[in-house]
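In order of appearance the chains are A, B, C and D, and numbering begins at 1 in each one.
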């Protein structure tokens, strides 16, 4: 029910191995960048995703959507903006904008679900939820 | 304006390198599989995508959407069904279902745009368009 | 001290995502293929590597060497021959030849070490060792 | 016949997608890092590899060798040292050391060959060769 407004910019330089025979950054690689963006957005909130996994909480991707506007090339320096759009104790929605200078290359959205070691949905512990910007549900008014 | 109904099933075994620390097939890798599905769907229509590129016609991905239902693991044998949903001379829409046995793992859709060597939209030549199931526009009725 | 002579051929078709801007199969991808070759060589011996991992035995790569003779391209169908050259209870040496038709594309060698969940060297259990072609050490002659 | 002593350090943070089910940075990914190291080493010499390709000069990998000493994990920050060990107009030899803090994770060597658009060996133009540290052959003494 929350709308955290956190966002985070990172710079990524396209590696040669990430291009394809068309000479473009391969489209599947964008999702690797988006995941890197989420890692850094979490870190900015004081949460290391690797620590979450050590506590047995995993974010799995439930949905991805991406519009590709213009290609990127080897050695381009890109700016990825990752924003946390919506957070509940078991879901997180993010949006992404990938730019090269002023040029928009891609826009995307994702939905993650938090699960436990057994792969079943698991609510974030309170401390984690609050650090990520979640607001505790108010007690029901009688 | 056409609705080709072509579809194609391929089997893919998950490679170790395609998994991640969660022990799952990494979500970006699904899009690599979908691309492989398109290659085989084209081949089934008598078109080798590499020949298209040699003629200077490239399919670039304009939009992707995927819902992840259940994870896949190393060494799983998956069945990918790729269907051509809609074809115009400059766009192609596909849908995908990735299964492990009876279990649905992912559903996706993509939109491709055909471009020339300069990256600008380019209509498929007639022979190619027809082979892919496109129907020539009827002459306008006066 | 053994020289198993097992070898295994598999066919691999180069995916678009595996090429780079030079239009070639990217050199790092060869090692993904070699790993796939090892999976199939083990399977041919009746061993599923995923079962090994479930038993807590992991093969980690300790050394790789590859000579690249000629490039491969998107959609090429390659034949990979993987051979088990030498096996001890804690090490396995393999060699690889990657061909396109009669043309040799790459030759490689690898050394793997078997480790436990803690990452420390761990001898293969006897049943596994024998199935992979290892010969039990003769009892020391008095 | 030259021994340039140029070397270059870069920091790389391991991405989630680069790990495998063992929880380690996948061994094939090391070679992607090494390539990134070469790109930055060239840049330090004032050469952008993308400019080389635009001039029609490509470095292809002819040989790779890597010893893996210890695993890396998701989110680790690694230091890669790339050194140019030997340069001739058609070959370049590099060595690599990948560290996490004081811990050596991998050591590697590569040999590259410069080729033209046709894939045949092609000597570096003089200006490029000198910028990379190559020393012109002295004229033969009569």
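Note that a residue touches a chain if its C-beta (ideal position, glycine included) is under 8 Å from a C-beta of that chain, and two chains touch if they have at least 3 such contacts.
From a predicted model like this one, the values you see are computed outputs, not experimental measurements.
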Message: Going by the touch criterion at the top, tell me which pair is linked by more C-beta contacts: A-C or C-D.
response: C-D
- request: Please identify which chain has its centre, taken as the mean of its CA atoms, farthest from the centre of chain D.
  value: B
Task: Could you give the separation in Å between the centres of chain B and chain C, each centre being the mean of its C-alpha atoms?
output: 31
Field: Centre-to-centre distance between chain C and chain A (centres being mean Cα positions), rounded to whole Å
entry: 35
Statement: Separation of the C-alpha centres, chain C versus chain D, in whole Å, is 25
Message: Can you list every residue of chain A that touches 2 or more other chains, as numbers and ranges?
response: 16-17, 21, 24, 28, 31-32, 35, 73-74
- prompt: Contact residues on chain C for chain D in the complex?
  reply: 21-22, 24, 27-29, 31-32, 35, 53, 58, 60-68, 71, 119
Query: What does chain C use to touch chain A in their complex?
result: 16-17, 19-21, 23-24, 26, 28, 73-74
- prompt: Which residues, counting only chain B, touch chain C once they are in their complex?
  reply: 15-17, 31-32, 35-36, 39, 48-50, 73-75
